[in-house]
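Labels A, B, C, D and E are assigned to the chains in the order they are written; within every chain, residues are numbered from 1.
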Amino acid sequence: MTEKSDIVLDVKNLKTVFFTNSGLFKAVDDVSFTVKRGETLAIVGESGCGKSVTALSLLRLVPDPPGRIVGGSVTLEGTDLLTLDEAAMRAIRGNRISMIFQEPMTSLNPVMRIGDQIVEAVRLHRNLSAKEAHDIAVEMLRLVRIPEPARRAGEYPHQLSGGMRQRAMIAMALACRPALLIADEPTTALDVTIQAQILALILDLQKELGTGLVLITHDLGVVAQTAQRVIVMYAGKKVEEASVEALFAAPKHPYTRGLMASIPAVPASGVPAQARLNEIPGTVPSLVRLPTGCAFAPRCKLAIKRCQEEYPPLADWGGGHLAACWRAAEVAEVA
Amino acid sequence: MTEALLEVTDLTKHYPVRAGVLRRQVGTVHAVDGVSFALGTGETLGLVGESGCGKSTVARSVLRLVEPTSGQIRLRGEDITHLSKAELRPHRRSMQIVFQDPFASLNPRMTAGDIVGEPIAVHGLASGKALEARVAKLFEQVGLRPDQMRNFPHQFSGGQRQRICIARALALEPRLIVCDEPVSALDVSIQAQVINLLIDLQRQHGFSYLFIAHDLAVVAHISHRVAVMYLGRIVEIADKDELFRNPRHPYTQALLASVPIANPHAKKIAPLVDGDVPSPVNPPSGCAFHTRCRFAMERCKTERPALVDAGAGHQVACLLNEGTGRPNAIP
Amino acid sequence: AGPKQGGILRMYHRDSPANASIHEGATYSVNIPFMPVFNNLVIFKQDVAQNSMDSIVPELAESWAWVNDNKTLTFKLRQGVKWHDGKPFTSADVKCTFDMLMGKAQQKFRQNPRKAWYNEVNDITTNGDFEVSFNLKRPQPSLLALLASGYTPVYPCHVSPAEMRTHPIGTGPFKFVEFKANESIKLTRNPDYWREGRPYLDGIEFTIIPNRSTAILAFVAGKFDMTFPTEVTIPLVKDVKSQAPNAICEIAPTNVSTNIIVNSTAAPFDNADIRRAMALALDRKAFISILFEGQGDIGGTMLPPPNGLWGMPKEMLETIPGYGPDVKANRDEARKLMQKAGYGPDKHLAVKVSTRNIPVYRDPAVILIDQLKSIYIDGELDVVETANWFPKIARKDYMIGLNLTGNAVDDPDQSFYENYSCGSERNYTNYCNKEIEKLFDVQSQETNIDKRKKLVWEIDKKLQEDVARPIIFHSRMGTCWQPYVKGVTIMTNSSYNGYRYEDLWLDK
Amino acid sequence: MATIDYDLELKRAGANATGGWRRVLFLARRHVLGAAGLVIMTVFVLTAIFADFIARYDPLTVDAAHALARPSAAHWMGTDSFGRDVFSRIIHGARISLAVGIGSTALGGTIGVIVGLTSGYLAGWFDLVFQRVSDILQALPLLVLALVMTAALGPSLPNVILAIAIPLIPTVARVIRANTLALREQPFVEAAKSIGMSEVRIAIRHVLPNTLAPLIVLATAQLGSTILTEASLSFLGLGIPEPYPSWGRMLSESAAEYVRTAPWLVIFPGIAISLAVFGTNLFGDALRDILDPRQRG
Amino acid sequence: MFAYLVRRLFLMLVTLFGISIVIFFLLRIVPGNIVDILFAAAGYVDPADKVNLEKELGIDQPLVVQYLHWIGGFLRGDFGYSYVSEKPALQEILPRIPITARLAGLALLFSASIGIPLGVISAVKQGTKLDYALRVFSLSGLSLPSFWLGLLILTASVAMFGQMPIFNPNPQTWLEAFATYAVPAAAVGFRSAALTMRITRSSMLEVLRQDYIRTARAKGASDAAVNYHHALKNAILPVITVIGIEAAFLIGGLIVTETVFNIPGVARFLVEAIRWRDYPIVQNLVMFIAIVVVFANFTVDMLYAVFDPRIRFTD
């Protein structure tokens, strides 16, 4: 167990729901986790399982209506963000906690200069002159390795290439040296060479600033290469949490197991052409009409009667490896 | 190799950049610059490359959805490069495309059933009950429930939308399906479902695929041969095994090395190339990759390497080691 | 207290006149603002409400005399009168003016609507600078009345008609300053006016406000000293009185008749029965009660007494078909006539009622259509734009039309010749009855007023019985002014003659 | 953390109103103003259709004896200076005013859609010519155009409709063209091409339906404004001629003379016009919100 | 950029040329000419006089000749004489232009300065009572016939102050000048303020859902900064477009306002001139208006570039 002071973020029983016309939508259901200083926590899970909403909940940016955080606590460096008033929350956003959004391409204001957007973030939280803030902005751009940062600071987003825009986003997110950085699929839709550049950059900066990092991604390869700990979400719930080594070595939840199995083999290892991939049969249930028991049960090969009736508790299966499955112990053997 | 279904020779697509009173052309986007390849019946050719290197343009040119600037496209031996829209219409039955962005390529105001049934109706192949039955069968084929025919695109998940696109492409039972990044936005489990479906269909019907993707692992799974593009040109093309085992072009090597491996004990991420992709409006002189290449030599800045045979059906465009592209040592 | 000198009279104007030349116009939109610029040879006394031969007084003429068996009218002219540009006024100016009006001069008016007034004038002769004679073909006593109208100013010889349209020069009490189309007309006191001590006003300013509500509101708000004369409808007079109780409003006949022009050259109104039926169907009281809250006059061609000098007495009027008090009986008769002509409850006659697209024309037309319904006539309103109205009437491209006829002078010569004589340009219906025409001349030469009256009544009755141009009613309109405006006289049998404004003063 | 009333929130989101009437009712409750607009529009349309049954008097019959009667049991909205029943005239006026509103919007809209679609879809010389023509129409002031047209053709119902519809064409066409240009580049249009659909069919089946949302909003906004334009034309003496009772003319003519002495002549047509414009616009706003996919719960 | 300007200028000329043809022939389609109307005012028609007068004014010539004569003169700066007032057309037109220009400018200012902030508020508070209230307020602007609104203002001012703001050609004080123009401008501006507000609202609603707004919030920016600094700047383009179109249509709206408030501007003058078939006035005036409108459009396009750096005029 780590020292308490080491913990940057402590999320307890977070619950975010959407009130939609098709019903109550439990996008995040009772999710807890912690992030330590300098640590990278990865969140993986099926598309639509609530990863982005979890991230937005931390910043209290869930669109309301229809969304609402209905329970739990988000403690950042000792303060519960959910009880703060809006002004105090504003002082924390962008300052202690920053986010790189899922779609960096559309997340920059198209009619503001890159530099000004960073300057704005800086001046909102630090009492600096325009000149000083501008210097910091240029410095940040240099830090994310944008060539000719001074000139680029005066340009508009559309004048930058996609890769540069993402770096600008990162520069902006890190400008106030936040205690916590949330990166929501920062590299989807990029080819692997650029992806490698960007990830390396984030990790470097994280190391330098000691920032806690929450990394949301589909790419299990990226998870394996960057994270220390992983949580796996399914249908709004955390179904498994473990250190990255433990998870990849022996996943304890059948869904995680299925995910792992679906990963196409690394090209160099010489798979035969036309090899079928393993897939998880069935589809994700609608978050509105979740089954009473385990949400994954209808697709699970190991499902037993109990799975349909009772939701399994998140239990520790040794060494901080949490999993919510009645048959977690058997997962490794059966598959 | 089987008889060639599709032959693309020297395909070039330049988008003009216009300006001025008379909208004179002041520049050119060299989106595709002399691309040649062939695709046999029942074969899958993987096409990989950076974002913006011209993959989609190749795909759309093949179907004559964009008019190529020059070059030739032959379908089953017939030159379709210059056919008129009307003459082309019968050929549309034998080639179909699955677009890069599944959501955008579905008309938000049509039901899934209508979307899938439309090609059949347009070509007058069936109507009424017969049409409905055919669409229902297609839905089942791609793993959708026929009762979902009445739903609108926004009611489907990403993976399901992708399958609607595939069902639409299959509706005409084409010989050739161009798949433009059909899985890039999906998570691995859904991605696996789609890939498996494509493989199954190919086995059953002998379809040919031109398969475009970022993810090399996916390409490795589905393709027989793989072509690597960089800035409008094919820089390397080879049988899949050969390519992955023995990448010759420095860009291919960088790509392969950058793939994150889903194993926390494996080598950590370390970018092999730096810098941004150059603009296709002003492509660098000589070898377009020289601005980012670790092995760039003086020659590379002026001389443009041609795609040459490097043995074992392996073609590569690199000046390194007399055009074999093989570096002396991989660091 | 006596009249005070000074002050500018502020008045609004209902529309922008085509130009400033009184002789080329036929609307009091021109007379009202420009009459103060001019003088006539003779004029209807400006402070007598009813125009008559007796109220004619000299103006540029000092005196007049009928000589040569009443075939020559000689004027002695006033001396020392100056045009506004400083040139002296002489008999040559008078000759020039009337030669032009008769179309005999070198210079021509662009338009000359009252040429027919001088049909009986042979020529004009001068005798020295200050005597001028009108030589007539036959005696025409009422020529003097025509010369006394506001429509008959004397123009200077040395100014071209074109200039008179844009910058009129006169001898009158006020000098022209400027005329901005759609904006304003400004006149200023003529310090050299021949009449000692006149005018009282320093000037007159007309602001052109075509929108009646705005204009009335502005008057109520005290922006104007006076409304445009005879432009305030009866409901609006009430409105003004309710908002500005101090304002003085006078309602008077305008000598403008609302009538129906009938195209008797083509079916269906070539049928005299149908014309008569139409005349019988009219409920004149209803028109007056709706449009004037009862304050209008029923009469023939001539304005009825007491305000009119020549109108038929009531008893005589009621003998004319359609004028009888029993509307129901009239209409029963009308229906019989219609049935005779082949129409009935099952077979209605469809008729187009053409009129101009102006409320004073349109509103009576609406009532007319409604009344015609009672005799199996389905009227449809056909509103015609100003530009097309006269060409359309001239083409005889109408069945019946609703028309307004203004009479500048309350004199039979003016009304009869202008509107009913064969070949007159303003005889829109081309009504032509040689017998009646002879009677026109007889009454015109008659010097005995009583005899002439009898003749005129006979003619008028005939005209109405022929349904040539059935008169529906004679309208009345109001004029309002602020209490401090003194010396205003609203004439009761003409709305064209009372605007010299030299006696008007402001008690402020 | 404030307690949350789940049921209330869900009700607000319309959770139990998924289909049919319940959904309509829910939308009506959520878009109160829009529903009100729809009700107003419906009432007016029904009024126009059944005017003959609703009106209590013939709207054209003159009645000298009862001119300028105050509103009473006999004449609900009083009578005008001709003694015509104002209520009946307003009821029949709905026909005229809605004919102008709907007629000119439909005419201008239809031509605008065809031109805009063709122009956006065909591009090339047609587009170039269209753009110039619409520039020209736009630079000619709308009312001036209407003025000249009614002067040229004479003031009649069809002519007023035409005069108001013509300036509408470039506005609609521009919106549709801009949308079409954007839609033309949409992958689903390319998808339609790839299955061998003809251009015309693509334009009608794929492009047109996707321009419907802005079109409906534009059309409802225009519908109101054409009623006002007719009123302005009437004010300038160029609207629908007597004796047909258009609201615009009823208002513009009485406004001058009877504001004070017979205010009912001004108030009721004024209310009718305002309500109609109000209704169409409210409904248009709500439609915009409902059709906006991101606005859906 | 320069090439773009040249191209725009060329297209503007094409448009103006088109307008000159349209207005010229449109006027000739309208039945009746000045001569008919003069005779109508004189109450009779004399065919011989009519022919003379037509000849004098040159309207008996073939249309093409008349057109060339006019447009040739127009290009040389010779605008001919008004048929009605017989004064140089320019002398009639020129003094009225500043009046209408001031009125239109003030109206636009009014429209923008009321419409935009209210639109922003309404969008930000979407679905609240405030939003409803503002929308009802703005709709009332759209649903009042403008002549009616004008008359209401006049009547109310007479009833309450015993005064009315009627046009004063020579305002003595600055305040008087303002009153002369401000009230009528407000009457027109109210309507377009309502329109501006609705467009702003709808445009803001689009923008407020964009990712970069979320980014701004994530930075910790205040609501005001987010709404006005980030959102409005992105939402302003359609608003500018509408204000631009309004500017063109304003001439139409001003006809009624100038009539009600009796302002001697070009709009009412134009209507009168059409009524009189005073071709030299109508033709030249429409051309002047068209030039203004075409330049207004051009300005709007230029403003696009100011507000949106993505728009660069290289085409």
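By our rule, contacts are C-beta pairs under 8 Å (C-beta built on N, C-alpha and C of every residue); 3 or more make two chains touch, one makes a residue touch a chain.
The model shown is predicted, which means the values in this text are computed figures rather than measured ones.
Averaging Cα atoms per chain gives one point for each, and the point farthest from that of chain A is the centre of C.
Top contact pair of chains, counted by C-beta pairs, is A-B.
Averaged Cα coordinates give chain B a centre that lies 53 Å from the centre of chain E.
Rounded to whole angstrom, the centroid-to-centroid distance between chain A and chain C, based on C-alpha atoms, equals 92 Å. Touching of two or more other chains is recorded for residues 31, 151, 155, 259, 275 of chain E.
Residues of chain D in contact with at least two other chains: 151, 255, 259. Touching two or more other chains at once is no residue of chain B. Across the complex, chain B is touched by residues 186-188, 190-197, 199, 201, 206, 209-210, 212, 293 of chain D. Only residues 31-33, 36-46, 49, 53, 56, 82, 84-87, 92, 151, 154-155, 157-159, 162-164, 166, 169, 259-262, 264, 268-269, 272, 275-277 of chain E touch chain C when the two sit together in their complex. For chain B in complex with chain A, the residues that touch the partner chain are 44, 48-52, 157-160, 184-193, 195-196, 199-200, 202-203, 214-224, 240-241, 244-245, 251, 254-256, 258-266, 268-274, 276-277.
Residues of chain B that touch chain D in their complex: 60, 63, 65, 85, 88-90, 92-93, 96-97, 99-101, 104-109, 118-119, 122-123, 154, 165, 168, 171-172. Across the complex, chain A meets chain B through its residues 45-48, 145, 161-164, 188-197, 199-200, 203, 218-226, 244-245, 248, 258-260, 262-268, 270-271, 273-280, 283-284.
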